[in-house]
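Note that chain A is present in both complexes that follow, paired respectively with chain B and with chain C.
Right, the complex of A and B next:
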């Protein structure tokens, strides 16, 4: 690996981490769409900052961009508060206006400045190592590494300092407010961090793909854990993993680095969406199937409990009477046998003591809806899980 | 009301508006210390808004609210709040214990993190509401009644003097309702003031000793045995109040 390759992967990884942290909270706050808005509407801020400094990695750009990002949020909330339009409409109204102001500013001055719309939208990570920071002729590495590194350190510092406040204001803003932990400060703080991070990531991945780096790792992590801290760690891991895998995919295909990174993020999400142990699609389908079988099992056991007479308990009769498909009847019968709930003697089905006990408990539960009574059954059966 | 009764919450001339439409209009209300009070009124009467205004979550356009004679901002530690269950996202990645711990965040203040002391208090509160066994359960995997108990435990851990609860019986089973009301009665016995937004008019005399009728304006407030009558119900709910009672 050349040093430029290492630098590109390092920048991409830092960008991924810096995006995953605010992204996790944005996903939990159901504010993914606002990232989209911010990533576009910071453009006029960047352009104006660039006109003033003529330097794409000047701190002033970041300040201006953060200001226009927060302005977006304020405008969206202002329009929404009038009660005339809903939040998504307000977002859709605000960011194209700000974005187009940026586009007009760029095109009006295209002859004077080296800032073109393609670079703004897509970024170019491959060029990052060429723009270097020198102090007294000493090469300190790529400028964007310093920019995103600084942003990341601030983000991590804020996360550790205000983790508790962020968590409670995300989960229950009313409580946070009543406790005096101003959820408004957290809200605008998060918006500022998101805007600043977007600018920092801008160089590397551009305005559109930064959304993927903020939302996809967090959305993937959300499917895999029920713990906020683990969700943050997983989101960071997925972000960094996709950044590095994406780089090598781009290398192999000779394609855009940011495009490849986003593709890997998308594929990763798809995998987790399908195969996540609890929340994944396959696992949900499996659980639904199990629940169906267990409802059938209970119906079957209830029928046995209600009928003393032998002819009602003949295997053949059960098939006809409860009117199930043969496949289902067999699987229900097997499930009951496997759990020692029934015995079959000469094709006559009888409840065992365990079967009787289970049926009674289950009926009691359905009638009284008391959770405490079936707590111990939850591990064995899907039916009683939330 | 005798003069030696302490007033826990004093509200004068409170008006709250959303988009210039008043939802609470010129409310005067004095809640004595140590009562278990229901706030009743039809949908849109401003019951939740009243609680949120007292807790400084909503800014009123006029009037003053005092907790033991001082502004809420200086009295936060005396007050605990149970919001409506539906006001939060129960799919949030956290456990029952962690939600209860959030009740300690107020006394911790900014930046400081919860430690062993806070955890111990949270576990005790969980035990009090009969949810200790569920402490590590993800909150989306709790039933509606269990979620409400978790919210109650979170308020208990605040160890406050005044408890505000927004419809704590909504969507809970009968057992949980009984368990919750027993805890509320215990709080009153310990000298705490408990204020509950309540919907089921039939249980008012059984559960509460104090009641406030609210419908944008305050209709009446006082001991249940004195003022919980047809006259006030009619004034609050209109002529069809009996339908409301029989539901």
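Right, the complex of A and C next:
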């Protein structure tokens, strides 16, 4: 590994961490799309900043860009408050307009601006090590490393200082304001941090990867845990992991680094989306099937409890009477047998003592505790689940 | 170039005519289908789909190795649909919310598309040039065949909209009721979503991935302000969209270095801002005027009822009182007093006021809902 390669991976990892922290809160606050808006609408800020300073590396650019990011948030909220359109429409209206203004500003002055829309939108991490910071001719390393490092330190500092406040205002804004924690300050603080992070990260990794790095690790982590601290740690791990993996994938394919980092994030999310315990697609589908059968079982047992007469309890009759498919009827019957709820004598189904006990409690439950979970009852009675 | 010359040029110049018709048709179809997207609260779906279409274009190029806009459209359509259904899967089957799902699919698909594009650029094949035009759109690359394709798709979607109008309208406003009536809501849902995807994919070449969502939203959001009727809204949105296309093309053609896509978006944004401010029913200006008027009416009522309470204590209701005793707390101003006099509720003589019989009755029945008040 050459020193440039190490530097690129270091920058990518720092960006991933700096993005994952605000990203986690944005995902939890259902504001993930505001990053999309910010990352596009900082373009006019950068262009105007460039017109003023004629220097692409001036800190004024970051200030202007962050200001236009915050302006986006304010505009979106203003339009929402008028109630003329829905929230998402407000986002969808604001950022293309600001982005268009940015593009037009660039294209009208194309001759004297060395600013490329592609570069702004997509970034080029491979060039980051060549833009170095010098103080009195001493090489202090790549400039973007310093920029993102500073942002990261501030973000982490804010996170530790205001963790409790952020947590409360994220999950219960009402409680937060009752406790005097001012959710509004937290909201705009988070928005400012997101804007600054987006700006600081975008010239290293591009606007689109910023969105991916903010949302994808947090969303992936959210599928695995319900604990805020664990979610933060997981999101950071996923971000850094895919940053490094993505770099080597880009190296192998000789393609865009930011593109392959996003692709790794995508694959990671797909994997977790399919296989996450409890919240993944497969386990959700499995649970839904299980619950369908268990509900059928309950209906079936209640039917038995209601009918003394033999013809109502004949196996064949149940097929037609409750209108089940043959397969389902068989699996429900088997489940009931396995759980010792019924006995089948000469094709006549009857409840056992345990079955009667269960149906009695189930009826009590249905009549009285509508809101509590039936799962405890199932745990007590079922030897085998559906 | 004056407008007349420009209009002549539109009819004589092949490129300009193609672009103008193309953007107008695109604006119309986007406005039409965008109305449904806006009302279904799927505004940002357009943004997500347009980004999600990128890998489809790149894969189509990798397979056929040449540039062919219909193959690209097909690729974009397929990957846009995959993106859409994945978004629905995430929202339905996990606890992630719609904003997270949209942002995820948008950025992940786009990043994958960029990976493929940069990979393609490194390939020893000169044909790849121009693939980037899908990022920001280049209306100048529109051909007559592209415009025909747009017209045909617009025609088909118009027919489908008319055929399923009643069902779609019902689905839009009350999905549960639609289901109980026995309509196949899943089919209708997929139908309208697919058409939205088609419209987005058609627009990619002209306005590009990033600005496509505004094409879809802006005309519909503007049209929404003028009416509460779905049919009127759809027609208005189509008109707004078409005019944004025509005007945007005209402005960008008359200037140097002005790409068409962003200008069209800005023109559409002007429509939106104008509608937000000046629409008579919902616009901010008229809302503020109504608000002021209501406030003034309320102040007037307060003054009147205060006067009534004083006059009530006297045998002669028209007994004169000093204006001094009406203070600001009762919402009294010189202007409102003048208004009351104009309505013949009070008489003013010098610094004294007295209530008329008409004013007394009006004040007595001020809060009586059964009697319709004539002063409103």
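The rule we apply is simple: the second predicted complex is superposed on the first by the 333 of 386 C-alpha atoms of A that agree within 3 Å, B and C clash if a C-alpha of one lies under 4 Å from a C-alpha of the other, contacts with A are read in each partner's own complex, and residues count from 1 in each chain.
The rule is simple: a residue touches a chain if its C-beta (ideal position, glycine included) is under 8 Å from a C-beta of that chain, and two chains touch if they have at least 3 such contacts.
Because the structure is a prediction, the values reported are computed rather than measured.
Participant: Contacts for A:177 in the overlay, against chain B (first) and chain C (second): which applies, first, second, both or neither?
Facilitator: first
Participant: After superposition on the shared chain, which partner residues are touched by A:93: those of chain B (first), chain C (second), both, or neither?
Facilitator: So A:93 only meets chain C here.
Participant: Which partner does A:245 reach: the first (chain B), the second (chain C), both, or neither?
Facilitator: neither
Participant: Looking at A:27, would you say it contacts chain B, chain C, both, or neither? Reply first, second, both or neither.
Facilitator: Second partner only, chain C.
Participant: Tell me which partner touches more residues of chain A in the superposed arrangement, chain B or chain C.
Facilitator: Touched residues of chain A are more numerous for C.
Participant: Of the partners chain B and chain C, which touch A:164 in the superposed model: first, second, both, neither?
Facilitator: After superposition on chain A, A:164 lies in contact with chain B alone.
Participant: A:293 contacts which: chain B (first), chain C (second), both, neither?
Facilitator: After superposing on A, A:293 lies clear of both chain B and chain C.
Participant: Applying the touch criterion given at the start, work out whether A:222 contacts chain B, chain C, both or neither, answering first, second, both or neither.
Facilitator: both
Participant: If you lay the two complexes on top of each other, which residues of chain A touch chain B in one and chain C in the other?
Facilitator: Correct list for chain A: 30, 82, 222.
Participant: Considering the complex alone, what residue numbers of chain A touch chain C?
Facilitator: Per the touch definition, chain A meets chain C at residues 27, 30-33, 35-36, 40, 79, 82, 84-86, 88-89, 91-93, 96-97, 99-101, 103-104, 107-108, 110, 117-118, 121-122, 208-209, 211-212, 214-216, 218-219, 222-223, 250, 253-256, 258-263, 265-266, 269, 273, 279-281, 284-285.
Participant: Quick check: in the complex, which residue numbers of chain A touch chain B?
Facilitator: On the chain A side, the touching residues are 28, 30, 81-83, 161-165, 167-168, 170-172, 174-181, 222, 225-228, 230-231, 368-372, 375, 385-386.
Participant: Of all residues in chain C, which touch chain A in the complex?
Facilitator: 38, 41-44, 46-47, 51, 89-90, 93-97, 99-100, 102-104, 106-119, 122, 132, 135-136, 210-211, 213-214, 216-218, 221, 224-225, 257-259, 261-263, 265-266, 269, 272, 276, 282, 284
Participant: Quick one: which bits of chain B touch chain A in the complex? Just the residue numbers, please.
Facilitator: 19, 52, 55-57, 73, 76, 79, 81, 83, 87-89, 92-95, 99, 102, 105-106, 108-111, 113-114, 130, 133, 138, 140-143, 145-146, 154, 173, 175
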